[in-house]
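First chain A sits with chain B, and in the next complex the same chain sits with chain C.
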Partner chain A sequence: MKITFPHMGNMHIAVKALLERLRLEVVPPPPISKRTFEIGIRHSPEFACMPLKINLGNFIEALENGADTIVMAGGWGPCRFGYYAQVERDILESLGYQFKMIILEAPDSRAYDLVKQIKSLGENVSFWEALKAINYGWSKLGALEALEKQLDYYLPRARDKARIEKIYNIAVENIDRAVSKAEVYEIEEQSVKEMSKAEMKIDLPLKIGIVGEIYTMFEPAVNYDIYRLLGRMDVEVIRSAYLSDWLNDHILKGYIKKSIRPDIIACARPYLNYEVGGHGLETVGNTVRFAHMHLDGIVQIGPLTCMPEIVAQSIIPQISAQEGVPCMTLWLDELAGTAGLITRLEAFVDMVHRQKLKAGNYQKEA
Partner chain B sequence: MRVGIPKGLFYHYYFPLWKTFFQDLGAEVVTSAATNRRTVERGIESAVDEACFPIKVYYGHVRELCRQKLDYIFIPRLVSVEYRSYICPKFMGLPDMLKAGLPELLPVIELTVDVSKNDRQLKQDIIRVGKIFTNNKNQINRAYQHGLDELSKCKNLCREGYNISEAIQIWEGEQLELSPNYDLNIGVLGHGYSLYDHTISMNIIERLRKMDCRVFVAETLDQEEIERQAAQIPKKVFWTLGRMMVGSALYMDSHDQFDGIIYLACFGCGPDSMIGEVIERKVKNKPFMFITIDEHTGEAGMVTRLEAFCDMLRRRAGKYEDYISSYG
Partner chain C sequence: MNCYLGVDIGSVSSNFVLIDNEHHLIKKVYIRTQGNPVKAIKEGFSELTDEITQQGITINGVGTTGSGRYLSAVLLGADVIKNEITAHAVAAAHLYPDVKTIIEIGGQDSKIIILKNGIVNDFAMNTVCAAGTGSFLDQQASRLNIDISDFGRRAVLSRQAVRIAGRCGVFAESDMIHKQQMGYPMDDIIMGLCEALVRNYLNNVGKGKKIESPVVFQGGVAANAGLRKAFAKILGMPVNIPEHYDVMGAIGAAMLAMEKMQCSRDNNTQFRGDEFILQGSFKTSSHECQGCPNICEVVCIKRDREILAYWGDRCKKWENSLNEKNHAV
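Up next, the complex of A and B:
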């Protein structure tokens, strides 16, 4: 059995670690490339949202590389994601691929069920080993996210931005290769130390929050690496979600650490008073939370035609007016070009910067 | 008190219920005009670009009502109308979207319908809404029950071949005759709020009838059979309307009386993008046409496609040996 799964940012590193500890052979899909987009788009329904198309591209490329089992998440509406696995399976079968698809339906309540689902995936693994495997995967995820946070912090401040990015890229590669938890921590510590040695600019960077749909927020190939694009423009990015938080909130129901989700949802009132599926309520809540944190601007990103994000998009202008924070919505689809995206981001950053200058004693290097 | 009900979205399914409910509570019910150019223009002006066409039209209806002297506008938040099924995320946020988007909005009566787990919350909400008009709980419950009765009366009309929107017209006292002349049976599927709205769907049903087709929609079929057919899909479709569409498509596919199936989808509709794909793959025996519409669609293109489809069906059925299409 050779297992594969869809890409989502750095998730593949943690999932690979987890599955390998379950004594499974893992064939992660090749990194998302232009070809992934092309294959995915060719075989997907035209009006499906982009994540489906990319998932499909991932699967086809992985099957070409010899995978024979696909692990995919399920769900129960109202967002389209819950039906992804079904449609993807139909498409792949009609293309003539031979494979087995395992759909992990999000457990309704207990983390215990999830561990059991994961255990049954593995070959001859005891419950204790399954737990340890999860723990190991989790440690890699934690390290990767800690590094992302450092990257977001140092990239806008450093003079030599290329060096910071290089340190980060190497660290990610090394974490993927690491074979023990100790090694993972070692790499994390080393890289952070190295980043902190960078020569810094004197001024404080602008702070812009990113909210939106999770897949587009996590997957750099889809959001055209918006975090680094902004970082290179001397903007510190505040991410509204990390994968570990999301897993903790939705799948592990706050077993691992205290969830901030109730606070986010409390923030969403009175603008949005009901769950709208997907990430819509969180997007609205995070926008308000970021406004309260006095960030300089907020960018919402989502895949085109994403239903929950359209609800959020309709509401964000009101938040922007009442809380006094500039907001912008970017829809991403397979046709977007980086140049157009950069131009819009630059214009937004300039506007935010000028507004801040007008508001008070703030200076920025030209 | 005057309550406005926008003539969009689930108006086409639940109007008799809502109207009876508010009238029994002593309110005067006012609806907006049927969707027209101005409704569309107003809607496009105020809704976000990415919203689907029916939502934009709904904005237009609400804005029209806002210009009248009304005490309230009724905007339900339809989350789920049956156990473990949903409508669409946009419906769940609709009142909030309108409040954020329309500064001129009149006071809103919000009713949250969420029976995905149980109907306790719905019952409470009905009492809460009813208390705006009266303090008599019995009267509120009676009004709601009366509304449900009227709605089922309306639904029974569908058995006779009327679609639910026509059934509502008859319920309101209009006279409708279905033409007895037809030589094709065509199943037309799609979300009712786009299919039955003459402007959104560009009157697809009437157009087909003028081309001598008998039109079947989901409501005119045997509902139990639809559910049985829909259950064939490996994973139950969790959108109420989507499941109905899948079930109807499979039903039409497996019954000889139907000559062809047309699916009308709105651009950007989430459920349609997935359901359309499922149906296209499952419908194997019948000609199937998928039409996507939005606010830019020209009528001529739609008419051409319908004519071509009907021509093709007639030729396929071999109904006229010497038949040559008059359209060229």
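Up next, the complex of A and C:
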């Protein structure tokens, strides 16, 4: 059995670690490229959102590389994503691929069920080994996210941005190669130390929060690496969600760590009081949460045609006016060149910067 | 005399201005980009420099804007590289300190900028559709065999504009053809198109934005008297047209350059000088980087044999390979 799964940011590193500990052979899809887009788009319904198209591209490229089993997340609720696993299976079957598809659904009741679900994936592993495998995968994920946070912190502050990015890129590669938890921690610690040595700018960076649809936020191939684009413009990015939060809330049902979701939902009141599917409610909640944190601006991102984000988009102007924080929405789709995106981001950053200058509590060297 | 150079390289037009310390316009040059920004920059700049040599003007700072802002920054050496939103807002807010809404329609994009106390508070750009922009007007004018500079004059002659669907440029065109075959007068059809474009703009770009007076209308399309009239009629408020509506972006860029040079401690402009731009032969080439599966198309700009800049690479490997000094940001 050769297992593959869709890409989502750095997730493949952690999932690979987990599956390998379950004594499974893993064939991660090749990194998302132009070709992935092309294949995915060719075989997808035109009006589906971008995540489906890229998932499909990932699967086809992985199947070409010899994978025979696909693990995909399921789900329920008004967002189309819950149904994507089924649609993808149908499309792949109609294309004549032979494979087995395993759909991970969030367990209804106990943590025990989840470990059992994962154990049943593995080849002859004990319950204890399955637990250890989860723990190992989780440690890689934790290290990767700690590094992402460091990158977001140092990139806007450092004078030599290329160096910071290089340290990060190398660390990610090394974590992927690491074979023990101790090694993972070692790499994390070393890289953080290295980044902290960088020569810093005197001025404090602007802080901009990113909210929106989860896949778009996690996958740099889809969001044109918006965190780095902003970081290079001397903006510190505050991400509204990390992969571990998402997995914790949706697949692991809050067993691994305390969920911050209830706080986010509470923030959404009174702007939005009920689920609208996908991450609509979280987007609204996070926008308010960021406004309370006094961030300088908030950018909402989502894939074109995403219904929950459209609902959130129509609510955000009220939040912006009430809480006094500038907001902008960016829709990302397969065809958008980066020029338009960069112009809008630059204009937004400039606007936020000038508003702050005008307010008089901020000085930046011209 | 000290002055500042502002350059706005757009998809359709390339604009160059020189302003003095008091923000007065010394000279403006408006030429068509015609798909060759490098040539446009050279031509536009040489037109400006005649004046420089005659009057003994020195350039103290350079600001670039427009979609070709990075290219022009490399060729000229820029102190400020700014997006169009900021540039247009700065220029308009200087002329009309209490301006609340800026309508800017250019060759291929249109924007709305909402200002509060003289600074940008909100903005939007057209997303996927170029229906209401200069290119579409150009195309319709040539289809009707009317000179584009005559388009606005004909429109305002109309006494009763015909109704034309404005949601989409393609539908607008077929509606126009229908009306023309029915025998409606040409002037009424042209005015109808102007009103359709204004409705299209307000629904797409101005969506959800509160348009308050005073309104400033600028960009190349502001030359069109029909559109000016249609905006005033549909908005129900007067629309101000700046004297130099066609080069407002360039003026804004020059003002930003001045602002920066006056704030900075050393007064060294990045401007590379007349010779650099006028004497050199510039070449651009592109290649596919095979470094990773993204296969970015990397563009390389050369002056004679010297490599000035790379861009187009997502990972910035090429961009960073040159010294950071090329980038004035």
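Heads up, the rule we're going with is that the second predicted complex is superposed on the first by the 365 of 366 C-alpha atoms of A that agree within 3 Å, B and C clash if a C-alpha of one lies under 4 Å from a C-alpha of the other, contacts with A are read in each partner's own complex, and residues count from 1 in each chain.
In this section, contacts are C-beta pairs under 8 Å (C-beta built on N, C-alpha and C of every residue); 3 or more make two chains touch, one makes a residue touch a chain.
Worth saying up front: this structure is predicted, and the values here are computed from it rather than measured.
Overlay on chain A: chain B and chain C fit together in the combined arrangement.
In the superposition on chain A, contact is made by A:A347 with chain C only, not with chain B. Look at A:P31: by the touch rule set out above, it reaches chain C but stays clear of chain B.
Of the two partner chains placed by the overlay, only chain B lies in contact with A:G280; chain C stays clear of it.
Ranked by how many residues of chain A each touches, chain B and chain C are led by B.
Legend: residue contacts after superposition of the two complexes on their common chain; A:N135 is shown touching neither chain B nor chain C.
Shared-chain residue A:S94: touches chain B; no touch with chain C.
By the touch criterion defined above, A:C49 reaches chain B but does not reach chain C.
Between the Cα centres of chain B and chain C, as seen from that of chain A, there is an angle of 80°, stated in steps of 10. Within the superposed three-chain model, A:N65 lies out of touch with both chain B and chain C [touch as defined at top].
Of the two partner chains placed around the shared chain by superposition, chain B is the only one that A:R80 touches, whereas chain C remains out of contact. In the superposition on chain A, contact of A:A339 is made with chain C only, not with chain B.
Closest C-alpha contact of chain B with chain C, superposed model: 6 Å.
On chain A, the surface patch touched by chain B in one complex and by chain C in the other comprises residues 317, 331. Taken together, the chain B residues at the contact with chain A in this complex read 47-48, 50-51, 77, 79, 84-90, 92-93, 95-97, 99-101, 112, 233-235, 237-239, 265, 267-274, 276-278, 281, 292. Of all the residues in chain A, the ones that touch chain C in their complex are 30-36, 162, 165, 224-225, 232, 317, 326, 331, 339-340, 343-344, 346-347, 350-351, 354-355, 358, 366. Taken in their complex, chain A has these residues touching chain B: 45-49, 74, 76-80, 82-83, 85-87, 90-91, 94, 271-278, 280, 304-308, 310-315, 317-319, 331. By the touch criterion stated above, chain C contacts chain A in their complex at residues 67, 82-86, 117-123, 125, 127, 208, 259-260, 263-264, 292-295, 314, 316, 320.
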